[in-house]
Amino acid sequence: MSGIATFLTRRRGGASWHFTDVLAWIWLLAGLLLMFGPVVWLGLSSFKTRAALSEFPPTLLPYETSVVEVEGFDEPLPLYRVKTEDGEERLLVQVRRIGTVAQMADPEAPDEIIRVPLVAREPVREVRLATENYSTPFERYNFLRYFYNSVFVTVVATIITLIFNSMAAFALSKYQFKGRTAVLAVILATLMVPLSVIIVPLFSVINGLNLFNSLWGVILPTVATPTGVFLLRQYMLTIPDELLEAARMDHASEWKIYWRIVLPLAMPAVAVLAIFSVMWRWNDFLWPLIVLSDQELYTLQVGLNSFQGELNVQWHYVLAMTVVSMLPVVVIFAFLQRFITSGIASTGIK
Amino acid sequence: MLRKTTLVAALAATASFGAAAYAQEPVELRFMWYSDGNEGDVMADLLSRFEEENPDIKVVLDNVAYTVIRDQLPVQLEAGQGPDLARVTTLKDLAPHWLDLRDLVEDASYWEENFGNYLDWMRPEGSDIIPGYMTQLTVTGPFVNRTLFEQAGVELPGEDATWDEWAEAVKQVAEDQQIPIPLAMDRSGHRFTGPAISMGAGFIGEDGMPAVIDDGFKAMAERIARWHEDGTMSPEIWGSVSGTTYRGANEEFANAEVVMYYSGSWQIAQFEETIGDAFDWAAVPNPCGPAACTGLPGGAGVVGIKYTEHPEEVARLIDWLASEPVLKEFYERTLFLPGHKGLTEAGLDYQSDNPNVKESLDTFVGAVGNLAPLANRMPSWEWANVVYFAIIGRLGQVVAGELSLEEAYSRIEDDIAQQVEEAQR
Amino acid sequence: MTAEARHETAGERLAGLLLAPVRWGMNLIDRPMTWLQRRLGLGGVAAAFLAPNLLVFGIFVLFPMMLNVAYSFTGGGALFLNNRVFVGTLQYETLLSCRDFLDASSCREDRFWRAVGNTGFFVIVQVAALVLISLATALVLNREMRARGFWRAVFFFPVLLSPVVVALIWKWILQRNGLLNAVLVELSFEPTLWLVNRGWAMFWAIFLSIWAHLGFYTLILLAGLQAIPRELYEAAEMDGAPSWRVLTRITLPLLWPNLVVVILLALIRAVQVFDEVFVLTGGGPGTATLFLVQYIYETGLAQQVRNLGLASAASILMAAVLIVLTLVQLLASAWRERKEQR
């Protein structure tokens, strides 16, 4: 108990409560509720049946009406808590419902039918996880394949991005040559133009290069990210030129200078870009949707989309598979949490 | 469920094994498909049976989102790419890309006879090709929550009740039962069009070009605007999203928050699942206007794609899928209305023991027979979708309070004119 | 602290293992590059370093953008350029034909101008709020406290989710039958149709995009905060300076470079806002949350007759404005740096 007390009262040094301490704790707790709450809610909802999902008011846990086997009936019958006219409460099963009246019976004596108005009964419910939301899509769709494709696209695109972007950033930060400013200006100018506005011309290019319906068609257009070049260049500018000069004195080739000196020194920024890239590529949606046509090539995000019909969305599957597609990122984050956050934090992007 | 899948897998395995022993590599066909309900599972079942009977053909069912069919397939088709066959709803607009099966199917007269009505919906203007068959016929119409009517003690309006009488009745029920949405209609120009035709709207000019804004159209548009103002309809359906984005009220209806929901026959299968035993519901005949009491037909079809490398195999598959016993099973298991004359006449034995489902299916089958001639012409009219999109975008803005009705009328005409102009360039 | 250090070395060891093949590959490239260096000198090497990125960039970004310019001068419903009709500047004229530029409904393409207005409003409010909130969060997370890693994770976590997932989660919370209304009813308030009210829809669009990206910007700012030498604070404390003065005189000026990066990146994302808001509000009610990218996408791809000419023209106008803004911003910060160096 005292442990919790010290935890809660630990502050910016000093013994007395400063008003900023209170503010900070309010901020953190509000953050916990607002940032974490919705995700927990998603996780719980993914275990609800289709009918339970559209219920109002929504329940926190996935409930389902209890059923009991009753003699003389093939199917198990739903159980209700009924307030009888004399104020008594009884547990009855519903045999049939006609209009606003339910025909109910005691599960012990099912022959005697009791007529009950709908308002007087309330279902007895128990927690049940609708695990079929998870198992059915896995049986019906090749989610493992989608998963593999997503991993492939993410890993390959990230590696190429890191190499190409860091090379370009190196050239743009450490060499003086004609046209440098022009190249930089073009890259920066495109920084703000979203991919979604050039989709059709880009599709013609992909089609012309025969990359349609191939994972490479997903990977290649994304690897030359202007943001990456920009971030890395800004960081490499802070690496002193004297280091390079010293290496040149020792007859190191330019390529060696790049990957033995500059790249290791730029590691924090490279790590940040790697995290970005993984996040971007894992969550890419619009572009893969347009390039990929065969189901074996689908990425997770595209596969998830296939539960949306013309007229109906199968929400129970969408939610469950959303959780599945989130899991790898969450697991990676849980394991590398310290590494990632301190990695970004130590970058000190300038 | 699990046992069934293993069985299917086993069948598929033996089928492919048989094929390997039989002859050379089987031909692989790619079948682009989207699902609103269980039809993907049913189709997968049927396909594995087809593969068993035809070991030289392997069919890959690509389950995609409807948006892929709507936005991406046209792009592929124009590039000469695409699957071998697909289930589509824009049957008319993309018709130049369909494969002509006339000389490839076993008996073209079977096709003419049973699908004759619908082939025009999927042919290029003025041709007589056989491009495919209807996986489902849909017709728009209202669903009502009967239990609410009963609890409120309000009589269900009869078969030839008008839209105004219905609006009055549902409002009364909603007030009595504290229901937030008396009347809901899908946010879709297609859904609006049937009632507008009932009010006397003409849509198609004498030259075959759009002539949308007339008194009948205005009569329905004004009612929509008024109903939103007086609370008969709730802005959360038509007013919530923008442009041509679709928004249904199926979840609200299933949750007993809607007294009357104007949608269509395709909702039945999911209502069976989501409503369950919670209340009694039913489809009722389309309300009347001065001109008619009509809904609007529509549907989705399976077509072969012209750019396939295996036209003969595609034809064999489609011929098999469209054969009477297979199609009968498909319709019965998916609870779809049949788009096949022989089956329509013979009647189907739908696989459901829910009386609400049976009654609703019967109502919709009846509605198909009651369609106004203009409503029947709309699916084969080349500008239909242009018109639907313009209507919903602008009337949506009226509901959201951005445009007056008069402004919306002129915007609708401008939007249609612009689209027509671009298309004819 | 020691635990953290040990963790990092473990991570580094893992990275070393993974990088072994990379190292081998890099050595392989050394030969041709050295040859190139001997033949062409430093300029040639620079070109060689730039080449792969520029090649990919040219083919997949620059060339399509050029094509996009070409598209903007064509009309018709065809998808590919060779089937389209040249119409001159017609599309631009259509976009720019307004009786009164301050009133979207007087324009021929009223939706375009509504989207411009909405995007402008969104960018200003969202970026300002995002920067302020992530600054506050970074200041809080920079304090001495137990379980710092956990709290960082709490705020960073949503960054990992895809935009579609983010929007779906919030849609489930905000709809009529959603969690928020359930809570309100529980507290005996009236439930509200959050996404049907124009003001609320924009509020939630902004809220959502802040929620999803907050953690990322917080971490950049946190990095800057941790780089500020402790001695400065200690000195200030000795002088008895009040905390707001410490904030405005020490923290903010030293944090400025990180703030610039945050503002720039936040601006880029804000202008490109699309997926999340589209899934959440669909641009509605009416056109209250219709943004430029959605307008371009719908006009070009999601209409019956795909109006690519108009969509391209709109995207060119948008790009032109953005490029000017970016360059102005970068010139300003470069000028500032130069002034500081002097």
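Note that the chains take the letters A, B and C in the order they are written out, and that residue 1 is the start of every chain.
Assume a residue touches a chain if its C-beta (ideal position, glycine included) is under 8 Å from a C-beta of that chain, and two chains touch if they have at least 3 such contacts.
The structure displayed is predicted, hence computed values, not measured ones.
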item	value
Chain whose average C-alpha position is farthest from chain C's own	B
Innermost chain by mean C-alpha position	A
Chain A-chain C separation of Cα centroids, rounded to whole Å	18
Averaged-CA centre spacing for the pair chain C and chain B, given as whole angstrom	39
Chain A and chain B, separation of their C-alpha mean positions in angstrom	33
Where chain A touches two or more other chains, by residue	54-56, 200, 204, 305
Residues of chain B whose C-beta touches two or more other chains	70-71, 75, 79, 251, 255, 257
For chain C, residues that touch 2 or more chains besides their own	79-80, 176-177, 301
Residue ranges of chain C in contact with chain A within the complex	4, 7-8, 11, 26, 29-30, 33-34, 37, 42-43, 45-47, 49-50, 52-54, 56-57, 59-65, 67-68, 71, 79-81, 136-137, 140, 143-147, 149, 151-165, 168-170, 172-173, 176-179, 181-182, 185-186, 211, 214-215, 219-220, 222-224, 226-227, 243, 257-258, 261, 265, 267-268, 271-272, 274-275, 293, 296-297, 300-301, 308, 311, 315, 318-319, 322-323, 325-327, 330
Interface residues, chain A side, partner chain B - complex	50-51, 54-56, 78, 94, 97, 99-100, 118, 132, 136, 139-141, 200, 203-204, 207, 212-213, 289-290, 293-296, 305-312, 314
Complex contacts: residues of chain B adjacent to chain A	1-2, 5, 30, 32, 34-37, 40-41, 44, 60-72, 75-76, 79, 81-83, 89, 146-147, 150-151, 246, 248, 250-251, 254-255, 257, 264, 266-267, 270, 273-278, 280, 300
Complex contact set, residues of chain B against chain C	70-71, 74-75, 78-79, 93, 180, 234-236, 239-245, 247, 251-252, 255, 257, 385-386, 389, 396-397, 399-403, 407, 411, 414, 418-420, 422-423, 425
Interfacial residue positions of chain C with respect to chain B in the complex	75-80, 85, 87, 105, 108, 110-111, 176-177, 193, 195-196, 198, 281-290, 294, 298, 301-307, 309
